[in-house]
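Quick notes on the structure that follows.
Labels run A, B, C and D following the written order; every chain starts at residue 1.
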Amino acid sequence: MSTLAALARLRAVRTGTAQRLATVRHCHLSERPMVFIPLRLAGEAAAPLAAMVGTDPGHPHLLVVPQPRDRDLRFAFAAELAEIVLPYVEGFLKETETVERRGAEPYERCADAPQLLVPGRSALAFTLLLGRSTRFRRAEGPHAVHPSVPILGRWLTFFAQRARHPGSALLLAATEALSLHWATGQSALEDANLASLIGWIDPPPGTTGADAAREAEDPLVWPPAGPATDPGFDAEVLAPAIRAYEEAPGERAAARVAEAVRTQLDPTWRLMWRAVDLLRGLPEGRGASARWETDRGSFTAFAEQLAEGGPPQPKHDGAVAAASRLARMERAQASYDAQRAYDDPLVMAAYRLTGEAFTGTVVASDPANAEGEGRGRKLRPLLTVRTGDPVRLATGTKLGTPDRRGQQAEVVEVDGELVTLKIVKGMGRGKVATPGAVPEVGDQVCYAALSDEYQPPASLPAPEETPWTHGGPPPEYVPSTEDDQEEWS
Amino acid sequence: MSERLDALEERINALRAEVRRAVRARDGALARSLRAELRGVERAWDQALADQEPPARETPSASEPDEAPRAGAAREPGALVPVREQVHQALTILGVPASAKMIVAVHGALRAGSLRGTQLASLRRDEERSFRSSPFARPYYLCAALTDRLSASRGLLTVSTWPLERRAIGPLSPRVDFLTTAIRVAEHILRLEEAGEPTPSGAERLLSRLAYNVPGVPVAPDAPPRPAMVVKAARAELEVHAGADADARARIADRARARLGDAERLFGGTILSLAREEAS
Amino acid sequence: MERFDRLRGAVPARPHDARAIAALAANPGCARRAVMDAAGVDKDATATHLGFPAPFGQSPFAITRGNAFEALVKDSGCAELLRLLRELLGLPIPLAAYTDLGDIGGNPSAHLRHAHTLKLIDRAARDDDEAGTLYDHPLLRLEIAGHTSYLEPDVVAFRLAGRFHIVEIKSFAIVDGQAEPDKVAAAARQAAVYVLALRTMLAELGHDPARVSHEVVLVCPENFANRPAGTLLDVRRELAVLRRQLSRMARVGAIVDGLPEELTFDLAPDADGVPTRPVPELREAVRTVGARYAPECLSTCDLCFFCRDEAAAGGSTELLGRQVRDALGGVATVSEALGLADGSLTPGEGQEEIARLLRLADRIYAEAG
Amino acid sequence: MIGAMPSPAAEAAAVVDAVLDDLPRHRGVVVDSPPGAGKSTLVVRAAGHLAESGEPLMIVAQTNEQVDDLIVRLAEEHPGLPVGRLSASDYVVPARVMGKAAVGTKLPELGDPAVVVATADKWAWAGDRTWPWAIVDEAYQMRSDKLLRVAGMFERALFVGDPGQLDPFSVVDGDRWAGLSWDPLQSAVAVLLRHNPDLPVHRLPVSWRLPASAAPVVSEAFYPFTGFRAGTEPGERRLVFRAGGMRTAYDRALEEAASGGWALYELPSRHTLRTDAEAVQAAALLATRLVQRAPVAISERGERPVTAERIAIGAAHRDQVAAILAAGPPPGVTVDTANRLQGREYDVTIVLHPLSGRRDATAFHLESGRLCVLTSRHRHACVVVARAGIPELLDAHPSAEPVRLNVPVKFPDGWEANQAVLAHLAGHRVEAAPLR
């Protein structure tokens, strides 16, 4: 927890409303996101009870499993869900753009991508489980399911796995997206409650965030956002409804269960769209748009893989896949952190407080400074900046700046309030600096020891060449019949 | 929807909220009375709906073709045969002490019966009452299995006509009886096969379930285990335990014969007799 | 002991079950919780009477599911469990004896059942020819803050090659080798209580307590089928924590000695068990013992809402979580921290540094936001 | 006891011989080396041993500094052995390495030396050549994904490292791989041994660095199951001051450390920021005072003045290091984080205790490896600077760490290790002087 975020929470306590932690939005928000609120039957690993899903705030689809322990009903639910999710997802495959690449063939990328919004982390985890429990099913054989079910499973798995990729926005958890931009006057643990979090950010007129958050803890007023349901609701409402269905299965009994879960889902549905509105109120940061481009690429690639008839995602990464994913995630994390700071002075502020970044006024500038002779002569402009920030940077530290993202500077000296630095990259080949390339005396500047430079990692062995230290080559994946026999209870 | 229905629904929602509030406040009495009121209003709602709509045609589900809607115990299919009779049938197939759950499963799988666990709950007590009021008036009683403390073993049912040795439960008896159950179920299926009758799918499922826990039964995906293999594998393990189990059971049976009266021998020793046993 | 009885009032002490003992480690720094637990006070009832009922509840579906899964594992002389143990630990086929230590006829007292468990475990430990393998429902006990607590266990103990293992059956799923870490942690803590209790029992009987393995067999449904699967769980860490917390419980006396003589948390229940103690009086009593509220309490302690309300009323920075508190370098209240930040408050001794940082944060926040 | 205990030297030599004997017999051999147990000596010795066979050898280290250290040691012990060093293009050859190895960015540039040394990162780019032998140094600090990138290059390997130091880590959440035998976030050795459980694991039994006053403490706290002993007897190493003191708290702390090997310089209990000004200042002032007192180290190596270069100040966080540097320790004294002090050795260390001034202990603060590194860098004495109240803090620490299935439990537990060290330090407590 940075001192800045701590201070923002303190201010939220005093003012009674959440405080901004960001001036721009750090996640892309689709124009037509799909909200997905799943509920699970308590005590079961992945037995869906219901879901509210859709792209139109006024017209949610409600899907219900009137007896969640019934395997057939569960797969019927999955097929129904597929009927809503798949057309939405596949709709984005129609329009593509051609991406030119330096030194490689151009490729096609979808012009836009789907975006799923779930209430919180646990809904995200449940989405992953739902994907896991459906993607290995088959449309033929003794445990046949509707052909759309395994496809749905693979998409849900894709979305949920992608959500763990730093900076990705293909699947967002509302509580996390909101917490990234606002600090409440309660603890981070309590922020996991969507109703209470929104209560702080946007309290109803005449009340404080604290009051709204307290009210949000009453499951009778604000049912939990799922996938877990309120135990009181389970005991008093759901259990009798399910029992009635068991005793006399039929539309009326199913409707009773549906009405019961609707009362639990409706409030969260409305909250989800309020979350969308709140996030829309912030302008999108530059990096968020760039990351969405990567997301579109990832979406396109997965869709192609699916179209080519590739196998479902394995149960876990092999040694090589794990190492390669880790490298990608670490790289994404570093650039996500850097981009956020360069996009947003409030995010940068936290680094200024710890001395890893500073802002100040240029007091001296030598744009013509150069190093080397003849052909090796390179322009290395010198700057001296006066700052009130507590700079803790060692000589030689590489710095970036939000105003000139292509440049890199190096700390030459820190002397009290004066920081001297040298621009070492991004000056071009010219003999003199292009006008505006080097800050002038009197300019306000900001420099930070954050880099989103991409250094390609060394290559990994092919999976079939996994060395003996890591268990040797893994057995080839053969879809086992066991996969589709699992009872899913 | 009619106004009356709307009003009822509103009342239902309000009551549900009140019930849960009471539960959260740990006010059990209030919750119960509210719940009772709630059920009443729900019934009224159902009634109102039924008055309004033509009776809904509810197709019986395909898997249970003869399940009559909302039948009470007395009108259960096969209810022509009393519950104790059905339990007796199941126990006779098994030939070993069995839990209510196993009896229900076996009866369902092999006799296409639809016993429910709840129906067996008070069976042993009823049998004991009947025996105590007029001993040995019936040809058989459904009675208890005896632990090595000569008390009634929790949850197990036996038949009074069985020898005491079979009704006694030593440390290895649960395993021996489980293996015997697997053998009996497999043999029952074999007999059906020999008679050219189709094997009920429930029987196959039961056999798979049992066979899974018998070591040495070959598993083929998507196919039920072959009954003959189950018999063979279960017999192999049974061989290992049989001697020790028979000894232990015989010792318990001897003690029971020496120390328990007729009723206790059938329904288990009381605390008093246990204390005597302990003291001796 | 008399002192604890007075604190609790005229009701029997709440027995410590394994879950309660395992929860001791959740917030050991809280004196309020320590005193109330040691005295066996019903914190749930206390919180309810104070108007802050605990936010916990278990869904009937979860309870049913838990019971059904346990029954499935234990059916037919633990047929499923035997299969698991044969696969996991190579339990030899002849070792299949099953003894239900809870099934001794009638409705015996805990004391009697414990004696029965003691007798059979002793026999098992002596490696008698007759000794069995699986022991269901052993009634164990632990000494906690001077009280003897009987642990009503739903575990099975089993013996292999002279060593005892505890089997813990839980109905959360293990999917592709992973389970929810919090649930596994809770299971491990609870299993550690049984391991310790069984070790204590062996020691009492004059056997080597180390014969109870620190490797617990955790049985859970696997993937999405209902089939039980077993995993070995090393509970050495949990055992160390548990020993620590139990010895800490024994030291609660020192806190109690510092409390007013007449202090009691008695709810003064009437004949129907309805509390009659005036709420303001009870509130004062509870407040006499200091709490150490942290948001983590919201998932573990019955009194959490009361303590949170208290912290909020006092403007305590504890409300915002341990991390915020740490970032504020020990500034205890919101108004103090904000005062230091906007410069309206002169830093006290030792506060100069945090004051400087907060003022800087305040300036940068205003500048950037 | 029957028979005399073998001398430390004999005991250590026996282990080294056993390691060398095992090399041809197994695909991999692991050697656990507690602090200062002669890891580098073993690596250099094994390198010579393998080079004698005429087969080329690759050595994998983790940092450039470790690579350079190894080259210097190799040149000392095996002057005739041709050594190559692979490096990045911006690597500047330090003076101590000059002339001791052929340096190049690609293998062909090195000629054909018997031994090639490089960092794991550099090796991963080195191409397709296969080596009959490899030595992997600091293998417990190497993340297994790094090993995966280089393991295909060698047929057999010796893995050497200290299991008690800091585990590798990542900035991203690696939960999805928890429990997998090839979890990329586990150490190279952990993954190696899970896939090859039959490989021999040797332990170097003697710490030549830690004095008799420190070896038992560090061994018990951080190596509870394996243990090691000091190579020197009590009294064999001494620290004396040539300049007199003034009985200030600083002097008394230094004298306590000189006589008992340890001192706890205890500031009054208070919750503070991480960069607690008083504690930071105390650490810097202790170093200054130490230099002023003209300390001399007397040991099996003879009598040598303890210069600033032989003194280090260690802390947990980078901002603490920055603050200590700002407080002005004597020039030449090393100030660094535990991570970067790994593998280094000094005569005297001054340690800012990771839990000092904290209100709640986090997993980071409790990580046993961190304290282990900080309290095991010294040959003579260690002064720990801390605020009072750490025992109470540990006492109130909630134990609610999540548990992941099939992840081997890490020992020692951070809590127990901290407790053990504190219990020992309590006997060497010097109360800080009240601030003016």
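Note that a residue touches a chain if its C-beta (ideal position, glycine included) is under 8 Å from a C-beta of that chain, and two chains touch if they have at least 3 such contacts.
No experiment lies behind these values; they were computed from the predicted model shown.
Colleague: Give the fewest steps needed to get from chain B to chain D, where each step moves from one chain to a chain it touches.
Modeller: 2
Colleague: Return the chain pair with more inter-chain C-beta contacts, choosing between A-C and C-D.
Modeller: A-C
Colleague: Which whole number of Å gives the spacing of the CA centres of chain B and chain C?
Modeller: 35
Colleague: Please report how many Å separate the Cα centroid of chain A from that of chain B, as a whole number.
Modeller: 51
Colleague: Going by the touch rule set out above, which residues of chain A reach two or more other chains?
Modeller: 230, 232, 235, 316, 485 - these are the residues of chain A that touch more than one other chain.
Colleague: Give the residues of chain C touching no fewer than two other chains, as numbers and ranges.
Modeller: 57, 177, 296, 326, 357
Colleague: Tell me, which residues of chain B touch at least two other chains?
Modeller: 23-24
Colleague: Could you list each pair of chains that touch, in label order?
Modeller: Every pair of chains in contact is listed here: A-B, A-C, A-D, B-C, C-D.
Colleague: In their shared complex, at which residues does chain C touch chain B?
Modeller: Against chain B, the touching part of chain C is residues 44-45, 48, 53, 57, 71, 75-80, 82-83, 86, 93-94, 96-100, 102-106, 108, 130, 132, 227.
Colleague: Under the stated contact criterion, what part of chain A meets chain D in this complex?
Modeller: Going through chain A, the ones touching chain D are 164, 166, 316-320, 322-323, 326-327, 329-330, 333-334, 354-355, 392, 457-461, 465-472.
Colleague: Give every residue of chain D touching chain C within the complex, in rising order.
Modeller: 175, 178-180, 270-277, 357-360, 362, 395-406, 408-409, 411, 413, 415-416
Colleague: Which of the residues in chain B come into contact with chain A in the complex?
Modeller: 13, 16-17, 19-21, 23-24, 35, 42, 49, 56, 58, 61, 69-70, 221-222
Colleague: Report the residues of chain C in contact with chain A in the complex, numbered from low to high.
Modeller: Against chain A, the touching part of chain C is residues 55, 57-66, 171-173, 175-177, 221, 223-226, 295-296, 298-299, 312, 315, 317, 319-321, 323-324, 326-328, 334-335, 337-338, 341, 357-358, 360-365, 367-369.
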